[in-house]
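A, B and C are the chain letters, set down in written order, and residue numbers restart from 1 in every chain.
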Amino acid sequence: MNNIVKMFLNLVVIGALSGVILSGVFGVADPMIKANKEKELKEAIFVVLPGAKDFKVLEKTVGQEKLIVYKGIDENGAPVGVAFKADGGGFQGNIGLMVGLDTSYLKLKAVEVLEQLETPGLGDRIREEAFKDQFKGLEVKPKVEYIKYRKPEKPNQIQAITGATISSEAVVKNINRAVEKVVANFPAEEITRAEAAPEKVAPKESGNGK
Amino acid sequence: MDQKTLDTKEIKTAPTPEPPSQAATKLVVSSSPHFLNNESVPKIMHNVVTALLPATAASVYFFGWRALLLIIVCVASCLLTEYAFQKKRNKPIKIYDGSAIITGMLLAMTLPAGFPIFGAVLGSVFAIGVGKQLFGGLGFNIFNPALLGRAFLMATYPVLTTTWVWPRTMEKAVDAVTAATPLAMAKFEGKLDVPLMDMILGNTAGSLGETSAIAIILGGLYLRYKGYINWKLPLGYLGTIAAFSAIFWLSDPTKYPSPLFHLFAGGAMLGAWFMVTDMVTSPVTSLGQWIFVIVAGILAVVIRLFGGLPEGVMYSILFMNAFVPLLNKHTRPKVFGEARAQKV
Amino acid sequence: MANNLGYEFKKGLWQELPPFRLVLGLCPTLAVTNSAVNGLAMGMATIFVLFTSNILISLVRRTISSQVRIPAYVVIIATLVTVADLFLAAVFPAISKSLGPYIPLIVVNCIILGRAEAFAQKNSILPTAADTLGIGIGFILSLTLMGTIREILGFGSIFGVKLLGSWFEPWIVMILPAGAFLVFGGLVALVNWISSRKTEKAAEAAMSR
C-alpha cells in the first residue's frame, strides 16, 4: 500500500514539475516564436511587393476555405499590389510560395519560395534568383505557362528548369490556381481603394497578421 | 537448340561437373550454381561482350567517338576497381573473366553521350566496388552492378545524367541546344509523334546504347543462339511492358503512348536483353522468372506513365533484383516427398 | 575516483561511440546530417537533453520506485526535449526549421533512455555527468563528422563555407537519404577496421613479449 502511494506521488510530482517548467518556458518562447513567424511573413510580403511599406490583411471565407490576401500599401497609403500564399504539391512535398500580384490583376510583381522539399541541386533550384526573376512582370492572362529548353516567346511564359520540369510545373500550377482564386473572390475595387497612410512608428496592421 | 527449362531433375544433376565441350555451354542456363563453375565464366562473358558489339558500333555511329571514349573509360575503371579490390582482399585476380568488362560496357551504354569522364569513372568505381565486390564478388551481388552504378550516378548527378545530345545524324534538323528523349517528350510535352523507325534504328536522343533497338536485338539474338539466355526473361519482360501499356493506350491513344513506343523507347530493349537476363541477379526457377519479369514489366510501365521520372526500366529491374533471393527460396521445386514431411 | 571519472568520460569517445560502435541513435544520425551545421545542432540539442535528464534521473534515483521509473524518466526526457524544441524555435528559427520533426524525436533517441537505464539510475551525479558528457560529445563528433563528409561531397562546402571550387560537381546523392546510408556504412567499416587493427597490434605485442 505504501508502495502504491509512493508510485502515485512520484508521478504526480514529476508531472506537476514538468507542467510548471513547460508553462514557464512556453510563456517566454511563444511570443518569440510568433514574432519570428511574423517577421518571416512580412519579409516575404515586402519581397514580392517591392515598394510596399505596410500591408492590410483581407480575409474572406469561400465555402470551407479561408482566403487571406495581404494588400500592400506604400508610404502614402496607395495600394501597391496584393500578396498571397500559393501552396501545392511538388515533386516530393509541398511547395509554398508567396505571390505578389499588381493591382490591375494583370501582371505578377514577384514570387518568393517560402518552403519546399524538392531534390537538392535539381528541383530546389526554384529558389534561385534566375528562376524567380522570370516571374517579375509576367502576365497572368490567360494564365502562366512554362516551356522547356527554349527562351520564353510569349509574355506569359517562363522557361522550366532543365531536369526539373515537375518542380517548375508545380510552381506554375500553384501560381495559376492561387491567382484564379484571388481574382475571383476579391473584386478589383477592394484592392485599388487607397488606405490610410501607415503610421511612422510601427506598422499598425502587423499585429493581426496571423 | 536443346535448351530446356529447369526442372527438379536438372537442379539435382546440375552440380556434376560437365566437360567443357560445346554441349556443356549449350546447357548453361541462368542459374547461380552453374555460374560458380569457373570454367565457363570467361567463355560466357566473352560471348556477352561480343553480343554488345553491335550496340557499341551503333552508339559510335550515332554519337561519334565520344561514345567510344566513354565506353573505354568505363571498362578501364571497372577493371581497375576489380583488380584493386581483389588485390586488397588477397583474392585471386580474376579480372580476365570478363565480368567487369561487361559491367563497364553496360554502364556506359546507359549514359548520355555528353556525360563527363569523371562521372563515368565514379559510376564505374561504385558499380564494381559497392555493387559487386562489397557483396563478395562475382556471383554474390544482389543487384546488377551496372544498373546500380547508373542509379548512383542518377542520384549523384541528376542534371548530367539527363542532359542528352542529339545524334550526329539529325543534328541539323533541330534548333534546340539540349535534346529530349522520346520518353521525356511524351511525358512532359505530350508529344507522341516520334517516328517509330527512328527509335528502332537509334536515330533519337538518349543513352549511348539504348537508342538503337535493332543493334541490341541483334546482340540478344546472338546470346539466345549461343544458349546463354533463357527466352522467358527478355520476352516475358518485353511482353509484359507491351501488354500492360496496351491497356492504357487502348483507353486513350491520344494521352498514352503505344505499346510499340514503349518497347523501342528508352532502356527497355537493353534492360530486357542484357540486364534482366543477368545470370547472377535473376531467379533460377521457372516460376520465379515469370514473377520476376512480369512484376518488373508492370513496374516499368507504371513508373513511365505515372511516376516522376520519364524512364522506369532501371528501377524496375533493380527493385526486382532485391526479391530474387526470396523468389528463389519460395519457388524452389519440392524434392520428392518434401512437402509431406513439412506438413507434420 | 578521478581515474574512474576519466574512464567513464573517455569510453564514450571511442569504445562506446554511440552511432558507430553501439549503433544507437541512428534516426538523427541518418536523417539530419546533410550538413555539418545540422549535425552539430542536432548533437548539441541531444547532449543538452542527455546531460540534464540523466543528472536529474541520477538525483532522484532513490526516490523513484522502480515500477514507475520508465514513465517517470520519459516525462523528464520529454519535458527537456520540449524545452530544447521551444528554445531552438524561438532563438534559432532557421536551424529549427531545417531540423524539423527530428528535435521532438529526441524523446525516442535510445541513447538517452539507454544511458538512464544502464548508468544514471545506478550511479551518483559525478560519474553520471562524466558518462553522459563523454557519450554526448562522442555523439556530437559523430554527427558533425557525418554532416561534414556529406556537406563536402554534396555541396562542396563545409559549415556553409565554399571549400571546393567550381571544378567540383557536387554529389547530390550525399545529401539525399541514400547518401546517409553510404557514409554511415563507410564510417562503421572504418571504425571496425581501426579497432581490429588495434586488437591485432595488441596481440602481436603480447606475443613478442
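As a convention for this text, a contact is a pair of C-beta atoms (placed from the backbone, for glycine too) under 8 Å apart; a residue touches a chain by one contact, two chains touch by 3 or more.
None of these values were measured; they are calculated from a predicted model.
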Note down the smallest number of touching-chain steps it takes to go from chain B to chain C.
1
Two chains sharing the most C-beta contacts
A-C
Here the gap between chain B and chain C, centre to centre from mean Cα coordinates and rounded to Å, is 41
Counting in whole Å, what is the centre-to-centre distance of chain A and chain B, each centre being its mean C-alpha position?
46
At what distance in angstrom does the C-alpha mean of chain C lie from that of chain A?
35
Which residues does chain C have that touch at least 2 chains other than itself?
172, 176
If I count partner chains per residue in chain A, which residues reach a count of at least 2?
119, 121-122
Chain B residues counted as touching two or more neighbouring chains:
158
Please output the residues of chain A touching chain B within their complex, sorted ascending.
91, 119, 121-122, 148-150, 162-163, 165-166, 169
In the complex of these two chains, what residues of chain C are touching chain A?
34, 63-65, 67-68, 71-72, 75-76, 78-79, 82-83, 86-87, 89-91, 93, 154, 170, 172, 175-176
Could you list, by residue number, the parts of chain A that touch chain C in their complex?
3, 6-7, 10-11, 14-15, 18, 21-22, 25-26, 28-30, 32-33, 36, 40, 119-122
Report the residues of chain B in contact with chain C in the complex, numbered from low to high.
116, 118-119, 122, 130, 152, 155-158, 160
Chain C residues touching chain B in their complex are 169, 171-174, 176, 178-179, 182
